[in-house]
């Protein structure tokens, strides 16, 4: 994928997320919803290096990962609308996305708890002698869970094909790093001391992310063991929900503006070829509008659907 | 007397306790943040400082152990989690340590910790943000499990819990937060283990807890209209559980409906019915009934939660079913003025 | 037919499963060590290699998640813990993930993991090495909970569990390990959810599980001597629970004793009695009874465990109490030939 | 405490443990029992630097820590015999020792689960503005539990007065480090990357242990934050129980003999002043014999005692 394809993919995700933000107040998407606006480069930079058989697991903030991996947009929006056409048939909502056909194996709502699951996927790949990797996305907050540490430990011992991607956006809900982690902690350096190869990059630079991941995937597949990458980034909107919340006092407007300058999409917005950009906008917006239409007009799951799932 | 909300009552209980004793500390992810855990911890850090009120890493298990260590040294920690579900990470510390510590050291070392856990409901909270685990906690000897309904009870029971010398699980249903009742400004306590007889009647005993008590109140009002008068017992705590009051009531009415917010098997409602069968066998005139959820995880979709959850209507229907009243005779209706998945018109998501 | 022990039957079930399908893997702390988890995992690594049979770090929570990840990729992991109690560290992975995974993804992704947990008993196992948590697991929708008694059942039920497509908690009572029964060499399966009618009689229904079934068998033999004939039902699994067989039996006998190895409140015995009160009300001739432990942690001292634990004698006494037979008429005795805190003469500690 | 006092303390612990090993087959000590024979130097070196108000928490293998901290011998043996005169009145057994009068706050049977409790003790000391430290003993196996990582993280953030003592004896039950931790892992180096000051020493050299701990305690009390010390050592007997088990195949007899040469008590056994050594032996053996006598002749707890404890 060349630079403009990466950018197109980011733009599509941004527009999907903004459409959700815009329509959230219609109160048809009735579930907790964590937007990735501002963090698109990591999802795209990572997934552009994965095949459909490589696997991804993710967290509560999963939309970008799901879409970057190639997850079906209609199914994602329908899931957020709670419809039976959703990827989880309406059982899971925004925090429980899955599209096995493209190797997106699931996202869950409990911080950190897909990390060992991804390691287990890698274990299966190793036992089944597949030349694939398993990749898991999580935030800076998730690295505080003991299971994070336990999972990496096990992955190293068994030399498993797993890529850990930490999206460090400085916050866990409204709590900054200073109340959650030691001063000066560099996550990627700490984990290196666990015994895993690890690097750190600019999470708003899609090309850099992609380059790091390409290298990491190669290392994994040539038997160098699990790899860890930490990327700095920033969430633009509130932790959960569609709004901006720099006014409520847990972070400064300046900090936000500083990061907005580093918008992963800035190259596209500053692109001279306005026509090309316009074409992309129109194409994606049409697709997105259609997907909302699909979701909105789909049926809710019936009690029979529910029974079928719990009794299957 | 002034009315305040359940959330305000919780906040006031903590403020009161922290003023009364410098041993009380409060912590948890988000405790000092601008939202203050749905308003329940607002103002605490300003008044009591960062040593006694603090935020934490997402490390549920260690933070529970830390509370135990503080508690065995004379502090009275209050730990808060935004959802019960997150606390499943801490069950080793809870069950192997907190619940057994005083026992396994021969009674020489108490653990006065209070663990506030919020139960999610509606607006797509789904399978891992709306579990009702009261019977899981209640089955562990050495724990007390408190589950208030009214703002008044919330304040009095939380104060009692904080100053209790044993570990207390304090379960707060999200939908109660906006409900108001008369709450004295003073410091008062409600003993743990005494249920509340919310309504008196001789036809039927209904036992409920937490938010389901609110639904049951609606149901018994409609039942009154057709001449059915109920004892309504709000449990207030599920461990210890006030079997005495229930037995007394069943002795009078001969009929029991146990209402629970959890899935039905192995529920608090099951335990109540078991006790009734054992202890009140001679007074029971009809088979008891259980109003509880199907044994399934909670679905997320708005299209499913209406039939998944029980409310006043289901309680009402079980009551008339039990009493053998034909439904068409009643004509009763429970019209919902708001979507079924929000606690009130004011609620617009996202959690 | 040859007789083998419960432990040998478990070992044979795993061997059989691993030969039948290369998807089966077995892991856990100590699995390949010289003791082989009380002999149950001996020989596995030799035959199937280090990729499919391996030891682990003391990381219960992650190792459970790893099993889930392997399971959603088509493997059938068997995870082993030397004690149930250690597994409390893993309840987030169990309850929030394994139990709900297939559901919360709309039924497109099953988790065929089997989790073997050993229940300690006696020889000073004490508060955190002998918990009986079957009802804790059973109350979680999405889990199956299997709890075999005989070697024959252990093999057939473990094979069924391994090849079941849902997560199964497999509870093995330590005192059953040395007990022998006829076990075919062939691969056979016993369906999960069907209880076993161990003995037939029309006077009384006794429902038991796991090691308590062994005690109940002794009790009913003595009861027979005084002319009391019992239906004895061994549950085999507590989720799903075979209510149908129990209801059928109670319809015949009109009397129920539910025997459990856990503390009494919120127990499997409670659930059985609750169901009986609801569904078999019209057939119940007497108040049902529960034989279960006091609501307290397990003490360590030899001086206390005798009265803390129930056995054949307590079951016998509840039976004659329920039937209104005067104790002095019976003259029955349960003489223990061994100290009460060991499974047999051969046992000399330490765990 | 000068060298010979440290040695005397180690000898006393060794003799207590050997008396338990010798008498275990009488089947009066009916509980799982984990002996510390071979590991005495760490317990003694650490506790000799602690005051009675400093606190200690420990694990399943707690006898040495309890005795080194000054815990009552009679109460410990009575507890192992299951008697009401035991430190936990017979409720807990060998794995649940406590003697609050000397700051021994408890030991538990679940790997790793007193680590956060000790951090909580330190938190209380900080809030109560006491100039004390909290100290926790655990094994190499316990460092694999997520709660270990979480606890150190929190202790650093809050700069708590806690001393972590890792006794690395190479095994967790019968499992060697190679199946549990990455090759080349040095625990003390890894935790340094968490952000805690950390060192590593010879756990069979009581003077070295003591010197390290003296320094660490000073650092903690002068506000330098929590400290971590890893000590190498070796368990001589089986994981649980009184016997030797080098024959069963999880470790080599040579390894054992190698470590036996490094016996922390070798100075005392090689001491020229045989009379002094003899006096000590006799004194301790008399005390120990008396303590077994006390324990053996004490009453079991009654059902009334049990009820009192659970209803208190």
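Labels A, B, C and D are assigned to the chains in the order they are written; within every chain, residues are numbered from 1.
Here is the rule we use: a residue touches a chain if its C-beta (ideal position, glycine included) is under 8 Å from a C-beta of that chain, and two chains touch if they have at least 3 such contacts.
Bear in mind that the values here come from a model prediction, so they are computed numbers and not experimental data.
Undergrad: Upon omission of chain B, how do the remaining chains partition into touching groups?
TA: Without chain B, and with every other chain where it sits, the touching chains still make one piece.
Undergrad: Based only on mean CA positions, could you tell me how far chain C sits from chain D in angstrom?
TA: 35
Undergrad: So how far apart, in whole Å, are chain A and chain D when each is placed at the average of its C-alpha atoms?
TA: Centres of chain A and chain D (C-alpha means) sit 45 Å apart.
Undergrad: For chain A versus chain C, what separation do you get between their C-alpha means, in angstrom?
TA: It comes to 42 Å between the two C-alpha centres.
Undergrad: Give the residues of chain A touching no fewer than two other chains, as numbers and ranges.
TA: 86, 88, 90-92, 96, 108, 110, 144-147, 150, 153, 157, 179-181, 310
Undergrad: Among the residues of chain B, pick out those that touch two or more other chains and give their numbers.
TA: Only 54, 56-57, 59, 61-62, 85, 89, 92, 96, 103-104, 126-128, 141, 296-297, 300 qualify.
Undergrad: Is the chain-to-chain touch network here best called a line, a ring, a star, complete, or other?
TA: complete
Undergrad: For chain B, which residues are in contact with chain A within the complex?
TA: 29-30, 33-35, 54-62, 85-86, 89, 123-129, 294, 296-297, 299-304, 307-308, 339, 341, 348-351
Undergrad: Quick check: in the complex, which residue numbers of chain C touch chain A?
TA: 25, 51-52, 54, 56-57, 59, 61-75, 92-93, 96-97, 101-109, 141
Undergrad: Quick one: which bits of chain C touch chain B in the complex? Just the residue numbers, please.
TA: It comes out as residues 61, 85, 88-89, 91-92, 95-96, 99-100, 103-104, 126-128, 131, 135-136, 138-139, 141-142, 239, 241, 262-263, 265-271, 273-274, 276-279, 281-282, 284, 286-290, 295-297, 300.
Undergrad: Please output the residues of chain A touching chain D within their complex, sorted ascending.
TA: Checking each residue of chain A against chain D gives 144-150, 153, 156-157, 179-185, 189-190, 192-195.
Undergrad: Would you mind writing out the residues of chain D in touch with chain C in their complex?
TA: Interface residues on chain D, with respect to chain C: 24-25, 27, 30-33, 82-84, 86, 88, 90-96, 108-112, 141-142, 144-147, 172-175, 179-181, 240-242, 248-250, 299-303, 306, 310.
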